[in-house]
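Each of the next two complexes has chain A plus one other chain: chain B in the first, chain C in the second.
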Partner chain A sequence: MKYKIWIGIVALGVFIFAIPQVLEGYSMNVMNVALLFSIVAYGISIMMGMGGQLSFASVSFMGGGAYFIANVCTNRFGINMPTLPALLLTPVVFAVIAFVIGLFLFKLKGTYFTFSTIALVQVAYTFFNNYKPIFGGADGISGIPTLNLFGYKFTSYNKWFYVIVACVIIVAVLVERIRRTQLGRSLASIRDNETAALTLGVNVYMTKVIAFSIAGALAAFAGALWCMHGKFVGADMFNYANAAQFIIMAMLGGVNNTIGIVVGAILVKVLPELLRSLQAYMQLIWGIAIIVLMVFMPSGRAGLYERVREKVGSFIDKNKPGTGKEQPHETSSKA
Partner chain B sequence: MDFTLFSTLVINGLAMGVIYAMLAMGLILLIRAVGILNFAQGDLLMFGAFISSSLILDFELPLFIMIPLALLSFCIVGLIFMFAIYWPLRKASYPAATIIATMGASIVLKEVATFIWGALPRSLSPILTDEAGKAAILYIGSVPLQWQYVLIIVVGSILIFLIFMLFEKLYVGKMMQAACQDAYAANLLGVPTIVTIAATYMIVSVLASVGGYLVAPIFMVRNTLGTLQLRAFAGVVIGGFGNIKGAIVGSILVGLIEVFSTVSFSGYKDVTVFLLLIVFLVIRPQGLFGEKIADKA
Partner chain C sequence: MKPVLRLDGISKRFGGVVAAKDITFAVLPGEVHGLIGPNGAGKSTLMNIISGIYTPDKGTVYLRERDITKVPSFERARIGIGRTFQTPRFMQRSNIRDNLLMGTDLANQMGYLSSFIGKKGNPFEEELAELMEVAKFTFRWEDNISSLPFGKRKLLEIVRSMLGHPKVMLVDEPAAGLNNKEIEYAMDLLNLAARKRGIGVLLIEHSMDMIMDICDDIVVINFGEVIASGGPEQIASNPLVIEAYLGGDDDAEN
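Presenting the complex of A and B:
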């Protein structure tokens, strides 16, 4: 296992070093946004991959985070916070908000919870799009200051890249960590069998609410970064179609695969830019790709790798008894 | 608000409610039959609207040929939908996979429609027109009502009633229900589950697509018609848990609320419907007709 970690670190180093050399301007912007979106997708991974709860609400919390920054950093209400504390405050504020909302929404189960998150997205989007005093209405809010890190201003997309990569790495480590804590295992037990989890003493309701709150905080953090990065926030980003896009992103990469999530986000955002000539067919190709993916590798691209390894592994293990490893957090549900 | 406006709004609201009810009923049928939440329900409606617009505008068929042909093609769409989205996934190990696949199907249906019929909205004239080709108007007393809305209510209600009867009263419906509850046992008893599931998918497709044909003159035929399904989702939750009657009443309620709130505060009409939904979830999570939520172990 050790060498794999080193390969990973080297690959990451090459990625961080090479991307800003190759890309600039618009293409760098696309790459940054893709990485930002992967933070939102991590939130979905906690909800859906670990807990088995399909929630659309992340996109609204992302919007909430973005509008929060747009209001407290631009002197709209006489508040003019420095950008760094505002950025750090956002996930805290929205963790609390998501916690309270989660308390209500998780009175529902399964499909009906999903419906309620769709309702949340619709309500939030309508307010973002119509309420001028706070959300700027259909025009959105522009002139948001860029991140100011102890006097160093991130003025170009290439400079932003490093911040965003650092944030993604922190979030990825956090998610990987949560997977191995009591919370992660409780969530996995809820996903696999809610009734069994309940009888085993898992506080199902509270565990779900906490997961929802973490997902909300991550999405709000990504939203805050996103609006500082683009210096603009508009309501169009936070509608139902984009909420579905985030879920597709998380599923494509492998909803339980920490590295796969980033790959999924990059696939969804960057691939359409690379294949400009196919632009007209791109959406159609995506749609078909998603269906085919779900048929052949339901836990995502990375899931395929795991399945192949499982098959090949069990073949090898037959000859070498006692080397089979248990990976409880990656078992797929049979519910 | 005078009486004329009020009654027009009631009729419009009821009509939209019936459309949502057709979608919602299909949703519930699919949840009961195969346990899948279908995120492409609204896109089936959109596709139905495009197919009927094509039969009317491109092939210029008279109504009595067009209707059976349209119904047949709706059934075929339903079958294709089932064999593409449900059949390969029926043994999927990851429960969210089937739902995500319907989201993919939603994109595919939208894009295929754009691909075949172009991105521009097409306008379809109302089913009943006067001599000048304008929408025919029904006068009840001094109150003018558009025939199209009345027709939606009548046709939609009849269709919903027939399918409700099929599932609740007829032997075939009982067979279909049995196949939903326990496919394995039903198979042992000689119920061909694949046929009953295919029939369910065809019925769902017909319900949604007829809805599309009926609303097409009001909203024009465009590939964003699929968003109507969000209101149907709201109706399903307000009505109650997996309950067809509840879903129908809830959807009609959503239609009425939507129309009346459009008059009062147009920009926020979505807020009223969905806030009501959230309030319902908090106060009465089991919905209007639902029973107390219980888990199957």
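Presenting the complex of A and C:
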């Protein structure tokens, strides 16, 4: 187990070191945005992977976060916050907003909840796209200042890369921590059986709302970073198609796989760039991809790996005499 | 001795079906109280009313003389109503550790934030070892829960419930699907819960051997009504009970 961690750290180091050397300009932009999106996908991972609640709403909270920065950092209403405090404030504000919205939406269950989040996406998109005073209408809002970290300005995509990687790592650690503590367990129990969760003392309703709130906060944080990174925010980013795209990212990487999520986000974001000549067919390809994904690897890329390993493993076991299915069960004392 | 769980005049209808009608009985701490009756008699409905999944149309549920009829079900679990199901309900995609920790989370009740920032719950390894000694099997923490055979999962569900330190334990057909040895271990677990821990155990079971063997007190229901209650000997010789189980005069009922 130890060596795996070291391999991971080395791979991460190489990734952080090599990417800015290889990529620049537009391709760096694509990579940064892919990593940013993985933060949104982490929120979806908490909702869908741990809690079994399919929510499309993350994209709207991402929009909320982006427009929040676009309004408080650009002097549009006479408020001109420094970028760092504004960035840190965004997830707090939207955790509260998502919490309140969650209180209402989770009066609905299962599919009905999912539909209500789709409605939320549509309503939010309509506001973003049409309400000029706050959201700038179809033109969006430009001239958003870049992140200013104690006087150091992130003026190029290559500089941004490090901030974003740092944020993704922090979020990944938080998500992994949630998975291993009581909140993660409670969510898993809700996913597998709500009645059983209730009889184990899990406040099912509140736990869902809390997960929704965390997902909203993460999405808003990513949105804030996204608009500072691109210096522009427009409504097109926050429509239903993109909401679905985030779900695909989370699923492709393995919805319960903390590292897989980043891989999924990069795949979804980078593949279309590589397949630019096929752009007209992209929706079609995604559609087919989802179906193939659902059928052959229901728990994502990581699930595929495990299945292959299982198949290969059982093949080896079959050909090894003396190792049947019965394996000794023993209690180890580490908990 | 004051009852730990008391039902007072519980009634529940589903449309035209009377699932419970004026049911009154009490479970004392440290006793195993049998709840029996033919299929469809309303036993599971009663369980669901006690654990708060259903609300009764009429009547009151008391836990240690506190009226909990309006308390939501997760809150009831926290104040001491443990439960197991006919088919064990675990987090199927999680390992055994996480599944058992659900029980200890219930006992610790420290909240998501304290757990997140690394507060440790009370150690439970010793208690678990004691319970597993009675349940007579061992496991590996990291194994997926579904790798355990059905019988062991059922035993483990009782163990998980006990780790939550309930005052009352509702146990739904622990013997169904178990082999004779496992039934014995399940009975040992329930005996440990009642006699040593002083938990009031409310036991639904179809295996009469188990009921007669382990119960201090038995309440029999049929068509949602209590038709008899008393000790095992009284119940075994009660003509109403025999009629309910053997069908009696079928023509009159149909």
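In this text, the second predicted complex is superposed on the first by the 300 of 335 C-alpha atoms of A that agree within 3 Å, B and C clash if a C-alpha of one lies under 4 Å from a C-alpha of the other, contacts with A are read in each partner's own complex, and residues count from 1 in each chain.
Throughout what follows, a contact is a pair of C-beta atoms (placed from the backbone, for glycine too) under 8 Å apart; a residue touches a chain by one contact, two chains touch by 3 or more.
No experiment lies behind these values; they were computed from the predicted model shown.
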Chain B versus chain C as contact partner of A:116, first or second or both or neither: first
Contacts of A:286 with chain B and chain C, given as first, second, both or neither: first
First (chain B), second (chain C), both or neither touched by A:178: second
Touched partner set for A:202, first chain B, second chain C, both or neither: second
Touched partner set for A:145, first chain B, second chain C, both or neither: neither
Partner chain(s) touched by A:272 [first = chain B, second = chain C, both, neither]: neither
Of chain C and chain B, partner touching more chain A residues: B
Set intersection of chain A contacts, chain C complex versus chain B complex: 195, 332-335
In the complex, chain B residues that touch chain A: 31, 37, 39, 84-85, 88-89, 92-101, 103-108, 110-112, 115, 227, 230, 233-234, 236-237, 241, 267-268, 270-271, 273-275, 277-278, 281-282, 285, 293, 295, 297
Sites on chain A touched by chain C in the complex: 177-178, 181-183, 185-186, 188-189, 191-193, 195-204, 207, 210, 256, 329-335
Contact footprint of chain B on chain A as seen in their complex: 48, 52, 54, 104-105, 107-109, 111-112, 114-116, 118-120, 122-123, 125-127, 130, 194-195, 240, 244, 247-248, 251, 255, 281, 283-284, 286-291, 293-295, 298-299, 332-335
Complex contact set, residues of chain C against chain A: 51-53, 72-75, 77-78, 81-83, 85, 89-94, 97-98, 101-103, 105-106, 109-112, 115-116, 124-125, 129, 132, 137-141, 143, 160, 164
